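Here chain A shows up in two complexes: once beside chain B, once beside chain C.
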Partner chain A sequence: MHEFRVQVGPAGFRIGSVWEAPIRTLAELYRDYPTPTITDYSVRLEAVSPWRRYIRPSVAINGDYMLPDAAPLPLTQALLAAEMAMNLQMALGWRRHLLLHASAVEKDGKALIMTGESGSGKSTLSAMLGHMGWRFMGDEFVLLDLVTGEATPFPRLISLKNEAIDAMQAQVAADRFGPLMCGTPKGDIRHLVPPRDAVQSMGVAARPALLLFPSFGFQSAVRPVAPSEVFARLTQASTNYVALGEAGFGALTGFVKGVPARAIDYRNGDEALTLVNQLWDDLA
Partner chain B sequence: MKIDGMILVEALRRPTTSATWDADIWNVLVSIARVEQLLGTVARRLNGIAVPPEIVGILDEARINAEYQRRSALWEADCARRALADIDGKVVLMKGTAYAAAGLKASEGRHIGDLDIMVARDALPQVEAALLAAGWEWVKPDPYDDAYYREHMHELPPLIHKDRDRMIDVHHTILPLTAKPKPDAASMLSNAVALDNGLFVFSHADMVIHSAAHLFADGELDGGLRNLWDIHCLLDEFADDNFWSELQSRTAHHGLWVAVQRAARLAHQLYGTEVPADWRKTHWQDGYYINRFTARDAWGRGTRPFLRLLFYVRSHWMRMPPRMLVRHLWTKWRKS
Partner chain C sequence: MLALPTTYLRDDNPQLIIEPLDAMTVIYHRRSGMTHIVAEPVPQILACMDTAPVTAADIARRIADTFEVDDAEVEAVIAARLEEMAELGIVERIRA
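Our next item is the complex of A and B:
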């Protein structure tokens, strides 16, 4: 197996692949990241059967933690397979923080956290903000410290989908992008390497200051969200809340009590950025 | 150092040797221990022993997981206790949940999956009705599988709870009815010991016997290292003057001499379990078992495919007579 190791925030990954090409692409895209020796999780890109290594090559997603029904992907989407496998390790394995399915950016030591269903735009918004004066902390997972409540970054490659690809290509140099993968189960996908400062300071936590529930495709609006609803929605957005028991409950209730929450609706990126900046300025 | 499951065995047996390991060995250990569902147990064994800083977090995580599994297993057992409160006869907890409920060392850090219980065979209709009324549902509503379980197996088809998504296996004996040994389930039930909450666990000897029978007869030896670690812990904790003679007579009574002796012998060979001298005599097959148990590569993947196949065939062979096996495999093949 070809092997590649990478440290993303507090988690080290060992990625094995029976093909060399995906490892070369990963090494290229993760070039700014440290290489750990001891890793937290192993993931494997393997052929679904011996002949599918060569003929219409098909990647099975495997690792320390696996889902029995994870569908294989064609070799041209191996980068997506690696991303999904790494996410799976975090979602099923990580117990050192309360893990929220959310994106986050930081300014002045304070974190803005965005959570919502796939398609809400939380990933795109974090990428845009991360390239305009904010520090990008992550587009997939936010890790809340079980004692202090601080958010630890997990700035893996940003996974841009469909329209978001064009929007970011207009702003960011071409050598920061991975290959364009068309027709994946999630539509078109292109990975974007986070800004260098995001990777260099990925060990620096920030205090959560604002929680947003963005919704894309609606007339511009802002609504307060009741703490009870925030709590219920975040239990759904956390993959390890139940497993963490009392510590998870403490971290989540602390977060809900301490962090103001708003739902924002928007029809395009500019509207969203205006709303975000307004709400952020109102905090001060 | 040779890369296979022996690294995990070493971590369990002599945790202090981990001081000599480099990063690669630690990575192998973590992957193999996760796939064998023994990382929580490794974490317990490495308590108080200095490990690399990266490993500290991994082991803490494993401890949190083990504690979560213990908590959910005991809660699930209590849900079953309430659902079955009006049943005549004992409800006996088995395997991981039993070890946790009885506070045994075998439960320390142990992964616990489904809830396994045993009741008297003539209580099955009552138990089934009570579980269905309390929210459990059939997992496989397939008529062939259902009939197969009911006629030939030692347990009901698996049930899953509709709200909690947790599985329960209801046993009425410890081996499939088609297997050659016929353990005395009635005497296992009558010897079972009460816990404070009204549930029961097997007597010490029967607990070891069930663990051994389960290890060799009921599976394809997947999870062998974990099952054998259970046996190591049980033998270690129960060992006193009377235990081994009691184990000997109960084993003979159940007709499970081969499995129990092999389990004790392999535990001695792999984990250094103290067993009496007359239980240690090696057998020419022992090496094959050990090679099968430790067949893992640096990524935790199964290796030694031919040996695996041999044990797979053997497990079906032992589970049912040849003509029946052919009929069963044919039916399963046509349906898949």
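Our next item is the complex of A and C:
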């Protein structure tokens, strides 16, 4: 079994693989990240069956936490499998923070948090802002401290999909990207290594100051989102709210009552950035 | 034999964490671990309940005193909400 260990924010991962290539790719993309001495989770990339290790190799995603019905991926998408597996460990096992399925960037010690369904643009927006003077904190999970309410960075590889790939390739050097994976369950995916300051500062939390619900592909618009709607939507966006019990309730109500929320519609990156910067100036 | 009205008892104060947000209020019920999002008049009903068992009529009178509404009309609404709250477990139904 080939092995790689990486620390991302407060979580340490051990990724094992029967194939060497995915481990080599992970090591290259996560080269600037620290190596944990003790890991929180183990992920294993294993062959679906002994012969599928060599013939039409197919990757089964296994680890401390698994979904028995998870569909295997072809070896060409092993990096995606590893990233999905790490997401699964956090989603099912993390209890030290309230997890929100969201992206986050930081400026002046304050965090902009963006949440929404797949395709809303939260990863792309966080990637763009992270390369425009904001500090990238994460594009998959926002970790809210259960006592202080601060957002703890979790800056994994940024998962860019479809049109977002070209948009970021126009701005960022080629050696910051992982392989292009076509035909995944979510279309084309290419991972982007976060900016170096995001990795160097991944121990620095930020106070949530603005919550956005972006929707890509609609005419530019802004509307306020009532606290009760925010609460309901964030319970849906959290994988561990129920498991955290009273601590989760306290963290979520504190967040909802203290952070202004807006829904934004936009047709392109320029419109989104205009809305983001205006709302940040007005509300954060 | 005359039937006595159903009485209800609010779960002990520490069991309910009540956080008003806007027109809706969220309630965490420690005993069950459940979170409830409720609208008026549920928060007002809970506010009228202390440690003693009460009937819907008792609560209607207390609410009518506070909000200047017709307590006869309000009682039916409160009775329906109390039954729902009893099903959720945030009040206890004590049958006479």
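Simple rule for what comes next: the second predicted complex is superposed on the first by the 283 of 284 C-alpha atoms of A that agree within 3 Å, B and C clash if a C-alpha of one lies under 4 Å from a C-alpha of the other, contacts with A are read in each partner's own complex, and residues count from 1 in each chain.
Please note the rule applied: a residue touches a chain if its C-beta (ideal position, glycine included) is under 8 Å from a C-beta of that chain, and two chains touch if they have at least 3 such contacts.
Treat the numbers as computed from the prediction; the structure is a model and nothing was measured.
By the touch criterion stated above, A:93 is placed in contact with chain B alone, chain C being left untouched. Look at A:194: by the touch rule set out above, it reaches neither chain B nor chain C.
Of the two partner chains placed by the overlay, only chain C lies in contact with A:253; chain B stays clear of it. One of chain B and chain C touches more residues of chain A, and that partner is B.
Contacts of A:245 after superposition on the shared chain: both chain B and chain C are touched. Once the two complexes are laid over each other on the shared chain, residue contacts for A:214 go to neither chain B nor chain C.
Once chain A of one complex is fitted onto chain A of the other, the partner contacts of A:65 are limited to chain B, with no touch recorded for chain C.
When the two structures are aligned on the shared chain, A:227 is found in touch with chain C, with no touch to chain B. In the superposed model, A:42 lies in contact with chain B only, and not with chain C. When the two complexes are laid over each other on chain A, chain A has residues 242, 245 in contact with both chain B and chain C. Chain B contributes residues 23, 26-27, 30-31, 34-35, 52, 54-55, 57-58, 60-61, 64-65, 67-68, 71, 299-301 to its touches with chain A in the complex.
Those residues of chain C that touch chain A in the complex are listed here as 17, 19, 21-24, 26, 28, 30, 33, 35, 37.
Residues 226-228, 231-232, 235, 242, 245-246, 249-250, 253, 256-257 of chain A are the ones touching chain C in the complex.
Taken in their complex, chain A has these residues touching chain B: 1, 10, 12, 14, 16, 36-40, 42, 44, 64-65, 93-96, 242-245.
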